[in-house]
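The same subunit A turns up in both complexes below, where it pairs with subunit B and then with subunit C.
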Partner chain A sequence: MFAQIFINRLKCLLRNRETVFWTVAFPLVLSVFFNLAFSNLDKSETFNPVNVAVVNDENYQNNIFFKAALNEVSKGDDRLFNLMEVTEEEAERLLSSNSIDGYITVGSSLKLIVGKSGINQNIIKSFIDNYLHTFSTVNNILVKNPAGSRALFENLSQRVSYTREVSPSSAAPNNVLNYFYTLIAMACFYGCFWGMREITDIQADLSSLARINTAPVHKMKAFIYSLCASLLIHLVEMAILLSFLRFVLNVDFGSRTGYVILTVILGSIAGLSFGAFVSALVKKSEGFKIGIMIGATMIGSFLAGMMYQNMKYIVAKKVPLLSYLNPVNLLTDAFYCLYYYDTLKRYAINMGLLTIFIIVFWTGTYLVIRRRKYASI
Partner chain B sequence: MVVKVKNLVKRYGNLVALDHLSLSIEEGEIFGLLGPNSSGKTTAINCILSLLKYDKGEIEIFGKPMSPESYDIKRNIGIVMQNVAVYNELTVYENVNYFCGLYIQDSSTRKKLVDEAIEFEGLQDFTRFYPKKLSGGLLRRLNIACGIAHKPKLIILDEPTVAVDPQSRNRILEGIMELNRQGATVIYTSDYMEEVEQICSRIMILDAGRAIATGTKDELKSMISLGEKITVESYFVSQEQVEKLQRLPNVVSVEYKDHHLVIKSGRGFNNLEAVLDFIRRENIEFGKIYSELPTLNDVFLEITGKNLRD
Partner chain C sequence: MQVFNLYLKILKKHIQQLVIYIIIYLVVAIIMSSSITQEIKAETDIFSRNKREIAFFSAENTPLIDGLKHELEKVANFIDLPDETEALQDALFFRNVSYIVRIPEGFTERFMKGEDVRIEKTVVPLSFSSVYIDMSIDNYLNTARLYLNHYGDISQETLVEFLKSDLSAEAAVELKTTSRRPVSNIYANYFFNYMPYTLLAILILGMSSLLLIFFDVDLRRRNNCAPISTTSFNLQFMLANLLYTLITWLILVLCCILFNFRDSLNINTIYFIINSFVFAVCAFSIGFLTGNLIRSPNAVPAVANVVTFGMCCISGVFVPVELLGDSVIKMASFTPVYWYVKANNHIAGLTRFDFSSVSPVLSSILIQLGFALACFSVALVAGKKRMFQ
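On to the complex of A and B.
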């Protein structure tokens, strides 16, 4: 009986193009849009050297300390400046054509000429200020304590930072990942469409298709067999989505692949159970139920940071309870925990809460559909 | 006794959908449940199938009490619901195979039964079609094939010919009679009296959840006073002529409306000759004249004061 119901159910569900679109094609298309929209976010985090010119005159050539300092920060892959040594006229021309962010003239003092204000201009200014400050300090020490010059130069070459950045993770923070993680969570919850379909087709008061109620088959067993088909389809869909994200869009899930798969499985079960619960509980039209499910999933995704990443942190700060009551956020956060944190404590809390949601949804569904006789059809 | 229902009461709030309904159906019968819309036919079927909770009463099928867990009883019942209950995503063959599979586990037996059901309903040329590609009549036949493929002993058909063309309707009715000849007991609900009259061996007329009459069609017709109805299509009949007709022996009523003169006579007498004599005598011009025996609608009309399809 299992094979009979399971195989026919697979055929039935897979040929339902509308549900297949919403559960697999829509998240895939959305992920491509996300990739197009957010791929530049990470690029903006990488530093591009500032284009700067210095007027190459006698003063510049004579100021060997400044020249050495400027050349030092304009070398290598991690250089601060793309330095051009040009005449003043050429520097002016380059500035006018926005080819450089500013140019420096060396005279009795150092002058920075910029066309506008901005981050790059501030970087050049900071460099000059820092140089002047260091030069002045060195000068004073040499005048007052010439004997300490050796130690001074050793210290200068080994600058010490007195603050230390401590990361809770070996992984690098990533602004974009959360968008993709909310997308996966949303896709998991789109399994609600399959859950709804299962309830509709098994309940004699919801569908004329529920011949199963008049057949010599245990209703709950038939429901579970059908549900297995739905779960299998949804898991395959999620596998397609994850593979696409990982291997085509290069979304990083960290190194805990097993836990990622476990999270997707639990998320898919949560999505199915959510759809079944809404469908069993709400005695309205199918369109109304779909509205509730899409609405709840999209609100959950929004609060988890799908449309605005900081929303996740705003909710966590202002209404922390809401972030625990939002299963989409729990899933999103679980993925992020797996990627970012070295420990599994927070991940375990998320999964525990999600499991409670699943239990609540299934218990509610069972209490409604266990009825074998209906008050009205 | 295949089906026995005793004092079945079903209420929806203050509305009594079934009012102490009792019926018994013998093996080999085609039992018709006839009644207008909302008379309780489908509610009665759903209660018999244990789909609906009921407030009072007892239901036995094949001599055993019926409940949702009566799988041994359900195994021998075939259902054809009023609404077409097939999967749009499965082909004709897959639909019949799926529903038959809920009853028959052995795949070779099932294949044989599915093929037979498809042939029986004349769907051989449409086995790869999806239901949406089928006409209304073919869709109804698919609905029936899904319900009968497992060769049930009791077949319940709830208005299976709704919105079906006359050709498909005849085919469906002939099919039901054939199933009955092959040994199935049939419960057939409809608000089409002609269908019920054509195929049912015994009929129960329902109105407002109550059984108002039960019997063979002849028994039902013998319950009323009407014997013969003569209709004359005529352009003009005067009021005086109508009154004269009313005075003819054994005439129960005369009505002239929309150029149709309807003369109803009491049971046991034939008035056609007397009416023809009168028409000739009075020089009444007429187009057609025909005589009918009472129908089930006349039975329903006389008992309830309203037409079946009002």
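On to the complex of A and C.
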């Protein structure tokens, strides 16, 4: 009986192109878009020079050191500034039309005038601060050792970086990975579409396919057999997605392949159970159910950082409970733990919580669908 | 107005689903805009530098290192952590600290001798905060090196005194805006930037579903029998579509203003609204086009999600344009979303509204209109073709 139900169910499900699309094609397409959008994120960022103006008056012309310093960083291909030397009125006009990020006036002291706060404004300010520091240092040194001015000025431009990055674990921390991990978690949870199909096709009040109930098989058995077919399909789909990510897009999963596969299997079961649970519980049209499932998965993925990574840390800091109650986040974290941690402690916690979710979903589903009787005449 | 009324009736049947989508997208957009606004404000405020959480471990205790710690206090809060691998990994993982400084044994001695020594750092990648800490450390040590190389004999204590006074200088900054109160457009900028995600999804979903129903072969044939001219039929149909677009757009714009009322009363907002309206027109024609191309109702959500997510991903809605690769931007410039986002980002920085300041916005708007026209024409051709099938 198992073989018969299983095989027929496989055929039946695979003909449902819509569900196949959501569970495999959609995540694949998303991963390609992610790859396009994030491909530049991890590389050294290309720096765009900051547009800055300086008020070209007597003070500026007299302050030869500042003038030299400003001109020094405003030439060449890897320059810091696109410098304009203009009158004060012109500078004001440029600032208010958003053509420059700020302008500098040289009076008794240096002053920066900006229209708003932003990264570029901070860069200009850092430059001026730096100039002031160096100016003070040079003054102090020349007072003591006036003869060494030449060597000192040569030395000024040779700045050394005094820090060396050390990775916190065997794997380098990587921000882009989290996006792909949330994507896999989302794909696992899109298994909910299969879960929904299973419930719809076995409950007599949801579809006519449920005539299978009249067959001489225990409902529970029939349900579990066809669920196996769903799970198989979803696992194959996840395998396709994982191989695509690993071998085509070169996403790093760390070295513990076995655990990664285990995570995907548990994730798929969680997705299926979630769909079954929603489908059994919500007594509305199929479109509405799909809306709820996509919605819940989307919000879960969003809170796990799929669209905006810092969201994950905002949740972890402000509502830590929510990050444990969000199964998509648990799954994402499980992948990241495998990549990042040397120990499996945190991974085990995540997987344990996910298992609790699965148990809750299945128990709920079981309680709703068992022993249903309909009098539909 | 039977056709118009029929449209609304069918729409009403779908309303539950559409409302779910609107709510989801709104929740995402609102949470995202407000959290990004907070983050950006904190990260980039030029007047009060936001302090970062860092951990500081030193294998030695010398005046030079003490001085460095004092210097870092200007930009960082020190968090006490046990010096264990797992605790440190956890702290970085949950962003309790974003930077760990570790001074190796013998650093001061070797530094004073002029040897090449480094401080070990462990950072959360891609965060502005690490740049500030790096700068602070490098500034301190580079200045110290200048003294060591050129000052002649200098004791550690004197050196630290000098460094302290040198590095205390700061540039004066003045904020100049035309309005009395400094206005922040960051929230509106991000909210309007996310709008294509919502607007496109809702319009494609709704309009495609309705077009499919209206252009179902049997239904169309029956409707053609009705004593109503094709022109009137089409006009009513388009009118209903436009109404649908307008209402969706209005809900989104009102939400933005409602959640950001304090910063909404300025000319920038008007430009944001105009730009988003033009985009809504564009989204309308994209919705109309997809509706004309799709043949099965099951494909509607699929197409809606792929088109929406794809366009938004590469056009700077989720990832800021500055962080996208050049080839991706070239691709993105073939989508209206890119021009919409570009116009928004420009509007956010405007404080003067004469023609030369506004013209980049206008040209982006014109390009969007061009896209709208192009999609609409293709849709008409596709629709015509379908008529004769």
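Throughout what follows, the second predicted complex is superposed on the first by the 248 of 377 C-alpha atoms of A that agree within 3 Å, B and C clash if a C-alpha of one lies under 4 Å from a C-alpha of the other, contacts with A are read in each partner's own complex, and residues count from 1 in each chain.
The rule is simple: a residue touches a chain if its C-beta (ideal position, glycine included) is under 8 Å from a C-beta of that chain, and two chains touch if they have at least 3 such contacts.
Every value quoted in this text rests on a predicted model; they were computed, and no experiment measured them.
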item	value
Touched partner set for A:Gln61, first subunit B, second subunit C, both or neither	neither
Contacts of A:Cys12 with subunit B and subunit C, given as first, second, both or neither	first
Which superposed partner A:Met1 touches (first subunit B, second subunit C, both, neither)	first
Touched subunit A residues, subunit B compared with subunit C	C
Which superposed partner A:Met311 touches (first subunit B, second subunit C, both, neither)	second
Subunit A positions touched by subunit B in one structure and by subunit C in the second	none
Contact set on subunit B toward subunit A in their complex	12, 46, 49-53, 68-69, 71-72, 74-75, 77, 79, 81-87, 89-90, 94, 97-99, 101-103, 105, 146-147
Subunit C-facing residues of subunit A, complex	17-18, 21-22, 25-26, 29-30, 33-34, 36-42, 45, 48, 92-93, 95-98, 109-119, 121-122, 125-126, 128-130, 132-138, 140-141, 144-145, 148, 151-152, 155-156, 159-169, 172-175, 284-285, 287-288, 290-292, 294-295, 298-299, 302, 307-308, 310-311, 313-314, 316-317, 336, 340-343, 345-346
Contact set on subunit A toward subunit B in their complex	1, 4-5, 8, 11-13, 15-16, 204, 208-219, 372-377
Interfacial residue positions of subunit C with respect to subunit A in the complex	14, 16-17, 20-21, 23-24, 27-28, 31-32, 35-36, 39-41, 43-47, 85-86, 88-90, 92-95, 100, 102, 117-126, 128, 134-135, 137-139, 141-143, 145-147, 149-152, 162, 165-167, 169-178, 182, 184, 298-299, 301-302, 305-306, 309-310, 313-314, 318-319, 322-325, 328, 331, 346, 349-352, 354, 356-357
